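The same chain A turns up in both complexes below, where it pairs with chain B and then with chain C.
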Partner chain A sequence: MSEQTLVAEDIIKTRFGEAVEADGRKGYEGYLVKREKLVEVATALRDEFGYDYLSSVTAVDYLPEDKIEVVYHLFKSTGGPSLVIKVDAPRENTSVPSLVPVYPGAELQEREAWDLMGVKFEGHPDLRRILMWEGFAGHPLRKDWREAYFEEEGKPFKSRWPDGHVYRIEDKNPFAKNVDYPAGFDPESWVPEGEAALYAGMGAVDVGSNLRTDHVVVNLGPQHPSTHGVFRMVVTLDGETILKLKPVMGYLHRNHEKIGERNTFLQNMPFTDRLDYLSSMSNNFGYALAVEKLMGIKPPERAEYLRVIMAELTRISNHIFAIGMFLNDLGAYFTPALYAIQERELILDIFEAVSGSRMMCNYFRFGGVARDLPEGVLEKIRSLVVDRLPRKVDELDLYLTNNEIIRARGEGVGVLTPEQAIAYSAAGPVLRASGVPYDIRRADPYSIYDRFEFDVAVRYHGDVYDRYLIRMDEMRQSLRILQQAVRDLPEGPIQEGKPQYQVRVPAGESYGRVEGPKGELGYYIVSNGKANPWRYHVRAPSFINLTALETMAVGDKIADAVAILGSIDIVLGETDR
Partner chain B sequence: MDLALLLEWIIKSLVLILILLTSFAYLTFYERKALARIQVRIGPNRAGPGGWLQPVADAVKLIFKEELTPAKAYKVIFVIAPMLTLLPALIILAVVPFGSSITLFGRQVSLGITDINVGVLYIMAVASISVYGIVLAGWSSNNKYAMLGGIRSSAQMISYELALGLSIIGPILLAESMSIGEIIDAQRGIWFLFLQPVGAIIFWTATLAEVNRSPFDMPEAEQELTAGYHVEYSGMKFALFFIAEYMKMIAVSVILAALFLGGYRGPFVDQVPLLGPLYLFVKVFVLLFIMIWVRATLPRIRYDRLMAFGWKLLFPLALTNVFLTAVGIILADTYGPAFLWSIPLMSILAFLVVNYLARDRIATASAQAVSFRR
Partner chain C sequence: MSNEFNTPGYDIPPEMQGQVAITTLDKIYNWGRRSSIWPMMFGLACCAIEMICTAASRYDFARFGMEVMRPSPRQADLMIVSGTVTKKMIPQIVRLYNQMPEPKYVVAMGACASGGGPFKEGYNVVSGVDNYIPVDVYIPGCPPTPQALLHGLITLQKRIDAQSIKSVRWYQKEGTEVVPVPVLGPDIMDPREYELIRKVAAEKLQKEQAAAETAAAPTA
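Now for the complex of A and B:
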């Protein structure tokens, strides 16, 4: 720990006295806060210490110690390292005060923690299940919750390895009861009271007009062409104007985190590809950082450069695709999207050459990368980033940016002010388009980003049009980084030590975060020294950026809801996990 | 009315409908191919040589698809609505001549079913009917998306019909007739496009809205309303909507060609009457390409802005255009035919002024939206 944090520790100690206590466990950091004092401490941290950005809320089930710990990662929106605060709660009747009044961005994350971990957040405005349905028994991330056909706590399962039997336990026992319902729950007679509550909340809105009009509740989704997957927006409409909007998600939920906790550390690497399947390299990056922090290793120079090259190529391919699909959401019939996809294909060609796969790259390893560049690929990357992509980005810019209809559809629509953006924990392009120049590559540099010359793209209106523009800017900045990285790429090894199948990860916790194309992608890992992570949490930007969706959309037209969603740029694989 | 005339009408109607149905089928193919080329794709190329049998494959698919009727739909109207949409598209071209007359079996046969003296009124009247089909389809489906699509459609059509009607008045004034045949004949010397440039632009814009083509495809906005009014339709019922939409595209292109581009007129058409349909085909082909091009290029306008555009820009501009045309004709009558050219001059000037004002207005509107929202 640096001197600065030590000083801060003293200040916090003297400021809060008994309410906080430094986390003294080996491999842990941050402060344990008393449950009753949590809101008070958080408010003070936000107002007096400048920790105004709540990045991640999650909980860890310490079954052996019989407690559940809720973990908050706070950051300053002006940059700098994290401040971690933790609250202990008993495993029975777990409850913790809600931080939504202090950080509105905690809303969806606290609902997730309630759903998966069973932590009741007192004072949360709308504490319902978010990823699971109402007929789900228990809270699956608790360590004593076991799925149907449970085999073992950790992979590789003995049934399949080392003996090589490829059978699943459910094949041997096909007629067993494999669904549990909560007590008193009858799926036959069940009416989705969650829906009823949802709709009841949607119904009556006073628009303050003498003209009596009926409001219509419309479900945009889950099957809808412009929700980019199975996402649902329940909107109350007055004519075409949105009065209320609630996001409903979880249709693609597969409990990524539970599976991640069963996997070994390395098995999770290809699994992270499946989060945001458009930018798997960035997903790898964040996870590798988190685990390397725990292991205390650093990749060699060449690997660092390769990582940066791949991450920035991912950003370009993601943004160019996002812009294309955003135009599609505006109703441009696929033309911009297909031109964007053409460029994306060239980037995917490079991914295929280096990793063997176009989308599910699985390229990063702890302490390096999986393979070196094959012959000729560096030349391909160079011609792409020096010649072709800058030209194509300019071309897109020329044809799209000043289009009358795009401006009319984008300017002043879906506005998010800087204060709101920070409060709602928006990240990435959404945050920066609102005039907050917060980019983790600069604010809290990781890997070798401090060596490159680039600007943090920022726009100031916070509307749909600026979120489109900022992606254009970011692609240009990424190209700058890429040009430098390709120029400076050193020779040398690509892996620290020998490549290992089973890595040894010491006990402790770590939070690795990268500036993914969609925003801050964080991995919170807790290890107890065994082969599998004890806790594996993903701070998914697509998910948390949706917290601000209602604020952006209310007052706009129904067509704008689609544009706003497109401008946030979500991927459901990451939102629902 | 003798039997031969009756027979001639029946045969000509049948031929027209068959031509329309075939050209509809190949219009879909044309659109898919042209869109594909614009979008760096190849387009359909599997069915038949070069994909030329694709429309047949589509038709077979649509005929054999299951037709679903929602349980809570208003069944009778649900079935009638597609027919009500298709019918106007089929009959609207009855008053447009496709060429001058030819001699067949010793009988003077005019190319075109009939040329009534209020042809323009007939077109306007028939074109308005098709909105019923769309609104009723949206309402009877008992689906919120469909309902929104239907409402949008009716509002849009009513708004844009005004500008459409006003833009037709220009050619009527110049030709001093409401018969399409006479309007075409009046363009013997010069196309009305050159005398009525603004009228032609307004007509084109309004018809794009009228046939629900991009960027005015509000009623079926895929990204917002999934498919708008025909979201609950499948199989042949859906195909009827589809046919109606594409036939309307052909119809408005033919009408625009007749009103502004001299219809079937072209070099040597008086000597060789069979050249007429060919010239018309070329003109329609180009106009259809423009429609496809617009669809491939432009995003959709938002609904409220679409209404504002129709009422606040297009309607006043069309009104001004009518006024200026009338002034130009009086000037020409008083001072000589050369003054007819004052119409395009004045109207283009008016167009530029309105364009300038609108540009200003759009800019300030969005600036205000940025600074005052929340």
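Now for the complex of A and C:
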């Protein structure tokens, strides 16, 4: 622990006295806060200590100790390491005060913790399930909750390894399907809860005008060409103007965290690919960092460079795709996207050469990377980042940036002020387009980013147009990093120690975060020293950036909602996990 | 083009070749359908990105007459189930399937849509879309490469070529069956299985009661 954090610890202890207590468990950090003091402590941390950015909220079920712990990761929007605070609650009737009044960015995350973990947040404005549907039986991330295909608590399952046989799990289920029902359940007596709770808040709004107009509630999605997958928005309209907007998600909830807690540590690596499936290398990066932090290892030099190269290539391929799709949303149907996808394909070729797969790279390992560059690939990367891509980015810029339609539909639309962006825990391009120059590569450097020369891209209007521009800026900065990394790439090993299938991870917690293409991608991991993580949580930027969607959209036209959503750039695999 | 149609056994005079074709109804009917399959614009997960790539610059499935992607099921012939089918989404998928007019086809793209895929054990994941709707072609892969998707679509074309106007399901008297929309209960419920659900749940209750009784017995 550095001197600075020691001092900070004293200050916090002196300031709050009995209300907080340093977390003394081995491998843990931060403070345990008394439940009734939580709102007070959080408010003071925000206002007096400058921890104005609530990055992640999640809960951990400590079944053996019969308690649930809610974990908050706080940061300063000016940079620096995290401050972790935790609150304990009993497993029965679990409830803690909601932090939405202090950090509005907690809204969706608290709903998720209620849905999956069964934590009631007192004072939350709209505590409904978010990823599963109302009426679903149980809170699935509780450690004693079992899925229909349950076999064992952790992998490898004895039935399969070391000397089992493969069989179809369907054969063991009475329905031959992935379903299970409560004992004595009668389907005919079931009254679906439906979406009454969702629509309850969507009715007429008093707009303060004496002209009487009817308000219409409109559903966009989950099957809608503008929603980038299976996202859904419910909007209340006055004419064409948006009065209210509620995001509805979970249509791609694939139980990433539950499966992650059954998997061994290494088995999770390919699953992280499928979070934000447009940028699998970045997802690998965050997870590798979190586990390496727990294990206390560092990859060798060459591996560090390879990681940075892959992560930055991913950023470019993500942003270029995002711009293409954003133009689709604006109505320039598919022509710009074709240009964008052409360049993305060239980057995917490199991924395929190094990892064997275009999209699901599974390239990072704890303490290194899986394979070295095959022959000729470095040359390919060099010619791409030195010759081809800079020109192509300029070309896109030339075609698009001053286009009248893009300006007309982007400027002043979907505005998010810097204060709002911080309060709503927006991350990545959304945060930086609102004038907050917060980039984890600079604010809290990881890997070897402190060696490279690059600027943190920032734009000041916080509108759709700036969120488009910032992606252009970031591609250029990534190219700068790439040019330096390709130039300096050293020879040497690519893996610390021998590659292992079964890693030993000491007990403790860790939070690893990277600046992914969509924003802060964090992994919160609790290990109890066994082969499987006890808790595995993903702080998904696509998900949390949607907290601010309503604020951006209210007052604009319904057609703008599509553009605003496109400018946030969400990926459903990560939003719903 | 006429060579593609000509049915062997009919001699066309040389001067008319290239202008006249003698063919069967089946052949021309199938040719028409297989050369203009309009897929529904409908992406579920990671596989959808590869589907977009297949439609885009490098792979371009317009070459197979498939570039007209329609967001509305009522204008689509083909549903490419491109990704993980979740329990929360399956009612919508079944509804979309029911809204598609005949002739309609379903391609299960990738491991998830075919059988559950890497997320199969998840509590919100359906083990393959064929639990609910009939599938014509399965494409392996996670995700299938664009080449694999193209191969799957060509396979579908071959299947269409093999169909006959006399036996296709949409011209049968009984018509096609509408798939009942699953209901979101404590878990996803298929209306065709209510009987079974009730039976299994009742057995489970009996077992639990019996277990509770034996547990209580020693103290009693």
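We take it that the second predicted complex is superposed on the first by the 549 of 577 C-alpha atoms of A that agree within 3 Å, B and C clash if a C-alpha of one lies under 4 Å from a C-alpha of the other, contacts with A are read in each partner's own complex, and residues count from 1 in each chain.
Assume contacts are C-beta pairs under 8 Å (C-beta built on N, C-alpha and C of every residue); 3 or more make two chains touch, one makes a residue touch a chain.
Only a predicted model underlies this, so the values are computations on that prediction, with no experimental measurement involved.
Contacts of A:Pro270 after superposition: chain C is touched, whereas chain B is not reached. With both structures placed on the common chain, the touch criterion links A:Asp329 to chain B but leaves chain C unconnected. Of the two partner chains placed around the shared chain by superposition, chain C is the only one that A:Pro187 touches, whereas chain B remains out of contact. Of the two partner chains placed around the shared chain by superposition, neither chain B nor chain C is touched by A:Ile448.
Counting the residues of chain A touched by each of chain B and chain C gives the higher count for C. Applying the stated contact rule after C-alpha superposition, one finds that A:Gly250 touches chain C and leaves chain B untouched.
In the superposition on chain A, A:Val458 makes contact with neither chain B nor chain C. By the document's definition of touching, neither partner reaches A:Val386: not chain B, not chain C. Once chain A of one complex is fitted onto chain A of the other, the partner contacts of A:Ile297 are absent, as it touches neither chain B nor chain C. By the touch criterion defined above, A:Asn178 reaches chain C but does not reach chain B.
In the superposition on the C-alpha atoms of chain A, the part of chain A touched by chain B in one complex and by chain C in the other spans residues 224-225, 334, 338-339, 342. Residue ranges of chain A in contact with chain C, taken from their complex: 131-133, 135-137, 140, 147-149, 151, 169-170, 174-175, 177-188, 190, 192, 222-225, 229-230, 250-256, 258-259, 262, 270-271, 274, 277-278, 334, 337-339, 341-342, 345, 358-360, 572-573. Those residues of chain B lying in contact with chain A across their complex are 35, 38-41, 144-145, 148, 214-215, 217, 221-224, 226, 295-305, 362, 366-370, 373-374. Looking at the complex, you find that chain C touches chain A at residues 41-46, 48-50, 52-53, 56-58, 71, 83-84, 86, 88-89, 92, 96, 116, 118-127, 131, 142-143, 145, 183-190, 193-194, 196-198, 200-202, 204-205, 207-208. Looking at the complex, you find that chain A touches chain B at residues 216, 218, 224-226, 240, 327-335, 338-339, 342, 403-409, 411-413, 415, 417, 461, 463, 555, 557-560, 562.
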